[in-house]
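Consider the two complexes below, in which subunit A is the common component and subunit B and subunit C are the respective partners.
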Partner chain A sequence: MKKELRVIGKPVPKHDAGIRVTGKAVYGHDIVLPGMLHGAILRTEHPAAEFTIDVSQARKLPGVVCVITADDVDVNNIGYKRDHPILKKGEANCTRDEIAAVAADTKAIAQEALKLIKVKYKVRKGVYDPFEALNEKSPQINKFISGKFPNKNIAEVFHYEHGHLEEEKKKSAVTVTRRFSLPRMTHTCMGTSNITASFNKTDGKLLLYSSTQVPFLYQRDMAHALKMNPSDIRVIQPVIGGGFGSKLDMHPFEPICALLSIKTGRPVQILYSREEEFIASPTRQPMIIDLTAGADEKGNFTFREINIIKDNGAYTSWGATTPFVIMQAFSSLYKVRACKFDATAVYTNNVFAGSFRGYGNPQATFALERIIDLLADELKMDKAAIRLLNANEKGEITGQGLHFETCGHKECLETVIEKAKGKRQKHVASGAEPAKVENPRFKNGIGYASMLHVGGGAKIYRSDGCGTTSKIDPYGYCTIITGSNEIGQGSETVLAMIASEELGIELKKIKVINTDTDVKPWDVGVHASRTSFVAGNSLLGAIRILKDKLNKKASELLQTNDPEFEYSDNKIISEKTKTTIALDKVVREMHFSEPNELAIASFFYEPSSKFQDKDFKGNVSGTYAFASQAIEVEVDTYTGNVKVLDIYVAQDVGKVLNPLLLAGQIEGGILQGVGYALTEELLMHEGKILNPNFHNYKILTASDIPNIHFYPIETNDKQGPYGAKGVGEAPLIPTAAAISNAVCDALGVEFLELPMTPERVLKAIHENK
Partner chain B sequence: MKKKQKIAQRHKISFKLNSKDVSCDVKASAVLMDVIRDVLELKGTKPGCREGECGACTVLINGSPINSCLFLAINAEGKKITTIEGLTKEDGSLDIVQHELVQHGAVQCGFCTSGMAMSIKGLMNQHEKSNRGAGKNKKGQPSREEIKKHLEGNLCRCTGYVKIIDATEKLFVKEK
Partner chain C sequence: MDFKITSPKNKAGLLKAMQEGKNFRFGAGYTDLLMELKKQEETSFTIINLAQLNDKTFTEINTISGGLRIGSLATAAEIVNDKFITQHFPALQEAAHSLASSQIREVATIGGNLCTASPSGDMACALMALEAQCEILSANGKTRTVPISGFFTGPRKTVLQKKEVLRSVLVPLLEKNRKLHSGFIKVGTRRSMECSVVSLAYHIHLDRNDSIVHAGVAIGASAPTIRFAKTACDLISGNNLKTISQKDKEEFAAKVVSYASPITDIRATAWYRKEVLFNISKSIFE
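Presenting the complex of A and B:
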């Protein structure tokens, strides 16, 4: 018998909203430890230069406790490829490069000390274009890579293929080739990057208050960098002021802060200024995508051939691995018979990218969905119809081996097409009458895009699992100790709701412990939209074991052999004998009478997904998420300004766990996507960032929001907790693609790059005349 | 050297902070945010950009919202200042603004929330003030567009603002 859910699916406000809305939440910026010093970092003045450094004057400044350069530390390189020195020695290759660090009594003294450090630069001509970097004559930019690739400036390559490419090319009635160009976008978390490190010289243990998204990987990376034992490093996460992927990599300022603490034996704190945050925190990967795609005369997609050049910057971060996700979009979003994919990450003297919500997928989806519109134009087909024709289906195993056991793609498409009906496309190739033009200054258009993303974790590490310990105390309160992390997305709330649902304990009696690597069980971290899915399943496993113990005791106390107890209203109820016992009483009887036993249970959940083979084939996620968006824009042809009017979004979320939190993810993600489409670009000139502030790097404000119409699609995936799939990244992924399709529809122009700033829109209008 | 000392001279200021009288010595160049956070140790006011762009440090001065990172502390003399800590009631219960933000799911990472809540409170104060003694000519609730315009100076990267605007709209419906 399927019971009605009491808590799951309800709009429960955030479990931890109370501390955040009263100013009581302690972020890294708010931590003050006894005897704490303030750290500051000196970065190179030139993105490509040799240098010599003299810190003697800085060391003499009263209030300065420690100054370090590369010469003062014995450390390993960091980064995904271990090609990134924490402090750079003699040579700078990127405007972010850390060349010295100071710890002082006050922030002001630390800044003053930086000014006293004398650096002599011998400036070199940098390489800022990845194509130029691939030229044999260009200098080697990163000297720390082992050099297994034919070109010295290649950091990483990916190759994938399925199907018979040449045959499919022959079968194609139309073929379109385009080059797409994607900008640097940055996270702009409202809370800037921060760390507080406290090293105890007596026992050799290092305590870090860090806003990492991946505390256990971070602990390991930090230990490698500092040549320490990982278990001697304890990572505590204070409340985190935004993540969005920026805190997946460990960045140099973090081991630098640890080193300052190790040297001084005192706590040291480093807080980024907003300018530093723009300059020195990661970005979304800029890339050039060459895409050729074909379709047969009916509109069935035949093949895709992709070649991507990614500007890796001077060092390699997790961002270099985004082709894992990018190739999924190209190989498996909409059915396609053949696919050949190559991606190359190329070193330049630019800033390096990192991980950013969507992990390469917004770039891939932009190129793919734009080319689908172009294929439809060639075929004189309706842009909605060509998408419906090729949409993914339940049961499909794609060329890459992704198995869609549930699939809401078609339903998502149908929903947004239906809801946006009446918003007729302006440039209709299929012969239908286009919408009437009322004011020649303003032109409206509509665009569609879909997306495919992992929805049940992603098996990239040896384990994609999550551990949970759950206990009930003698007062009937439940504590969940989870490996997963809260970064504002609502993970604590979802876990508390699951415990409340399963144990019949009210939400206010549920506590979530999730911030301390010395306490919590292992978990990969917050990425790949995995937390609700993986941590939710892990908690359900722990509760199952806990309930077995409670059931046993309850059977004894109620003198029934009923195996089906109902947990409700803080009680355990036997349906059979109609008897009831208070949950806290059962726990007390377990704890305090012989044979004494704790009401506690642990479980480790590992998703059913598999590692991909060397050809990148395999079912990499427990389940997959789909979404479609239909977006109407209004373009002011006098100013080039694009106004997004309505966004219709349907997303296969598996099952709605909490509609309030879900809507928050959708709306927040979409607005980041609108920014990617229209306003956000970190501008660079010869390796330097030109707009490191909110005045010149525009993230959207309350005034810029479109009307968002959200339709959750429930496909109830049996792998997910209550049928749920991951939702966090999806809303951002198709937004820029759909907006660009809408702008192209409105103006009859072709956009192949982002963002579509007024300047670029006017240029496109002008060139089209 | 003499000149430097003069600049570094400290000034005693007294003002009302969250209904309590406080006084402290500050440098002429000190901004209110730093005094609130570092001298008076109220950490709820958040440092988002220190250049008046993000609004995370918004506090109320005599009921009106300002960016405390741009406001010189010496100009707080004799004024009434309210921070997020002062919005919460004495018994710990939430102010109606905080309550609606929570209920609407308008809080995610929360770093912008203090400033956002103070900005919304400022709008309510402004609305109430303009309606005081207005008799029949009372202004109706602000439109959604007016609310958006008012919140333009408070950036949020998590929520997409929808829930924040919904919460604010609800406050004015309740107020009526």
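Presenting the complex of A and C:
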């Protein structure tokens, strides 16, 4: 192992901070190509209807170059289950449904053309409740499914179990059953969805400027949709204005834009308005969770029995696979002897969800951590104590086969319990206005929650790897060509720091190339908090090979047989002979003297994780992240407003790679979690979205930000780069659960749904009177 | 977004624009109007842009005999930072401060807040409690003054005639250095960038012994227009602020609520609005 780290662990500002804050970053919206047309999409007026469409008037409008409907294209369905037509033919099943698209000289003409498209609707009664959809009498909503499930409106099912459920039920001193209800939350990326497609008719190649998080899977999906060869599609990622999981799926507007370009032979750009972003981009999966959990008389968790109904919407996205993650929380967060898990995704005429930071885990953790409080109440046990008693431990292999080679769960819990304790006592003791104590308007409460999430990638695709090519030029600059991409999470910075640490090259001499599928090696994409872990390890592998080459040449030049060279200050230093040589000189000597070699190396890293078996058992990630939060709230019993006062968060990050970026991830995630807990909900009525704007979809503002106290826990996992684990999703996951527990603590009420809007809180207070 | 715009620099120019204009709208801070314009590719109306108007009766905040004149183009930020308003009309200062965000407060005008006539207008609600007068300038150069209680005629509707513009708001100052209990309560989901779900402005004059000499209470977002809760004000007149009984507090709150006829919309139900209005009305004595 090395001596002291010089770059890793230091608060290095983001690599791309300068271009972002000065407006120099080139987002998809800034791209202008010669001869570019502007695309626009016509969506159905009714979420459940049959329709006929006449585009003849739109085609006649001067400035309109192309109008397409389902009749004009030869394509395959898209989506995780290939149940989603790119353009809908004769039948609309969701308010987002794309029924025609236009390419025109200007945006205004494209919009005008949409108005000239005549659509005759025969409105049907839609099915907006998943339980109603399961009724045999309900119509079949999606006609493109395989039919492998007994009920025609089931899109996907998951079943998992471990332990002896019935035996554990008998051993339980207390059992609690509740139904939890989770809302639609949406990503609200600051950069709206966008794509620019440019098809070259002379060579048949398609160039896409796309904000996808998963360029190589996207290339494959796009090729399948358009019946093309994947290698004829080049995906270039401009600067991405927010992902949070929303760009894991390929959405219909993307192949539509490509089709418009293929038809016209000209570049076409589609940019969403904010309203369109709210209506047509994905959401977090709404779900109803029926959970029964038990504990023995000492408080040890005995069993959990879970049945989840997920509103799949009209089509199936990656969001339908969230039970992969949800079942990990139920099977393995805190030690539990038996678990039986069922999840069913049900088609409705609602909008479909996608993936969203946490991937089902915030929903699962909300239900689980609420029920832990209720079990503690039944047992008359302290809510901190019951958690400590059941906390996960190092070395544990859970019922699902997750192997916790390192585990900071207990330390996370102990930390936040300790930090929050002092605060709470102070609050009670100070009692600023004693007159109010009897019937205080403001009531304080404290809540705890933990989370378990993959921290070393997640093997849900056949490979969870990442490739890297790394080179040093004759001037001593290093270029990292990585398969991973930057979506704001800071991966460019972390990779540059790793190269700087290992090669002794200063940060400004390190370049990261990561935006072009024709250039970069394969990577599965940005998701599952995996980039620092997987791309970091991949880069370390490439640097190892590169250094072997450099070391060989350095030995020759320094006339030493020292195997241990130190890379520092742009030099290679032999510890043994105390001689040094400039790094760039070694590179030049390699290049210009025989056998004439470049300082370049490639490596592909595949995590040690395993693809789970058909029973969903196996060690799915290279390592696991843990976090605990203790949150204190103040509830205004006059208005129902919940003010989050202090959030104490301890997170097992393995190793802090960059404290500045880490704090950014922690604070950003927590605030998204506070929004999930208190304010954010996409409101729907009969399949239509009622609040497609920032006015009524309430994300929190700077003035709502609580005090966030962050305590990183370093468990130094040997799998991770320098011991690091994934951190991106974790801070969001337990926040809503902890806030909910705090509100319930403050008021003595039971909250089983989110968000806890002022009105819902006031109502709960009234019902509790 | 394409529209015609004319920017008068002085009163004469303004009157001319108003006389000549057939179909026009006024723009000052554009915090509402711009949203509307963005939705339209072309507008049928001309915008008379007041932002460049150089006329003190429109732009300045000045003390006058019997009170304060606030030009309709005074921004929320100017009101927030005005020392006289902070001292004598806390309800207005707090209302202006609760408006949207600091960026928007730099451009949003008090005139716009009144003339857009939203039932949830924050400064408008405070001005109702302060029993302000609206000074209206006509295209023919004449002015008329209407009490704010008669200014709003419905949601998004005012007494302003086609060729009239709000020039100033006159806020009466009953007695200088009077003891005050004055404030603005805004209820919403978040702490900024919020449109009131319910609001309450109160401006209560006290004598040396905390007896209530005069009270002004207004409610927002609870009825088709902002309303002055007269019977609630009458009820507490003569009472002592410090010793007012629980029963009187609740009776006062019930009287305030009697002015509310809230709707249920996606932001809140009528039940919630009434319930909260009752609670916050009570809270002004706590």
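By our rule, the second predicted complex is superposed on the first by the 749 of 769 C-alpha atoms of A that agree within 3 Å, B and C clash if a C-alpha of one lies under 4 Å from a C-alpha of the other, contacts with A are read in each partner's own complex, and residues count from 1 in each chain.
Here, a residue touches a chain if its C-beta (ideal position, glycine included) is under 8 Å from a C-beta of that chain, and two chains touch if they have at least 3 such contacts.
Just so you know, these numbers come straight off a predicted model, no measurement behind them.
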{"item": "More subunit A residues in contact - subunit B or subunit C", "value": "B"}
{"item": "Subunit B versus subunit C as contact partner of A:L661, first or second or both or neither", "value": "first"}
{"item": "Touched partner set for A:A108, first subunit B, second subunit C, both or neither", "value": "second"}
{"item": "Which superposed partner A:V239 touches (first subunit B, second subunit C, both, neither)", "value": "first"}
{"item": "Touched partner set for A:A25, first subunit B, second subunit C, both or neither", "value": "first"}
{"item": "First (subunit B), second (subunit C), both or neither touched by A:H695", "value": "both"}
{"item": "Partner chain(s) touched by A:P139 [first = subunit B, second = subunit C, both, neither]", "value": "neither"}
{"item": "First, second, both or neither for A:S703, with subunit B first and subunit C second", "value": "both"}
{"item": "Contacts of A:G618 with subunit B and subunit C, given as first, second, both or neither", "value": "neither"}
{"item": "Overlap of subunit C and subunit B interfaces on subunit A (superposed complexes)", "value": "694-695, 701-703"}
{"item": "Contacting residues of subunit A [partner subunit C, same complex]", "value": "108, 111-112, 441, 638-641, 678-679, 683, 690-691, 694-696, 698, 700-704, 757-759, 762-763, 766"}
{"item": "For the subunit C and subunit A complex, residues of the former touching the latter", "value": "41, 101, 187, 189-193, 195, 197, 266-269, 272, 275-276, 279-280, 282-283, 286"}
{"item": "List of subunit B residues in touch with subunit A within their complex", "value": "37, 42-51, 53-54, 56, 83-85, 87-88, 94, 98, 101-105, 107-114, 117, 147-149, 151-165"}
{"item": "Of all residues in subunit A, those that touch subunit B in their complex", "value": "11, 13-14, 17-27, 29-30, 187-192, 239-244, 271, 273-274, 487-490, 660-661, 663-664, 666-672, 693-695, 699, 701-703, 705, 708"}
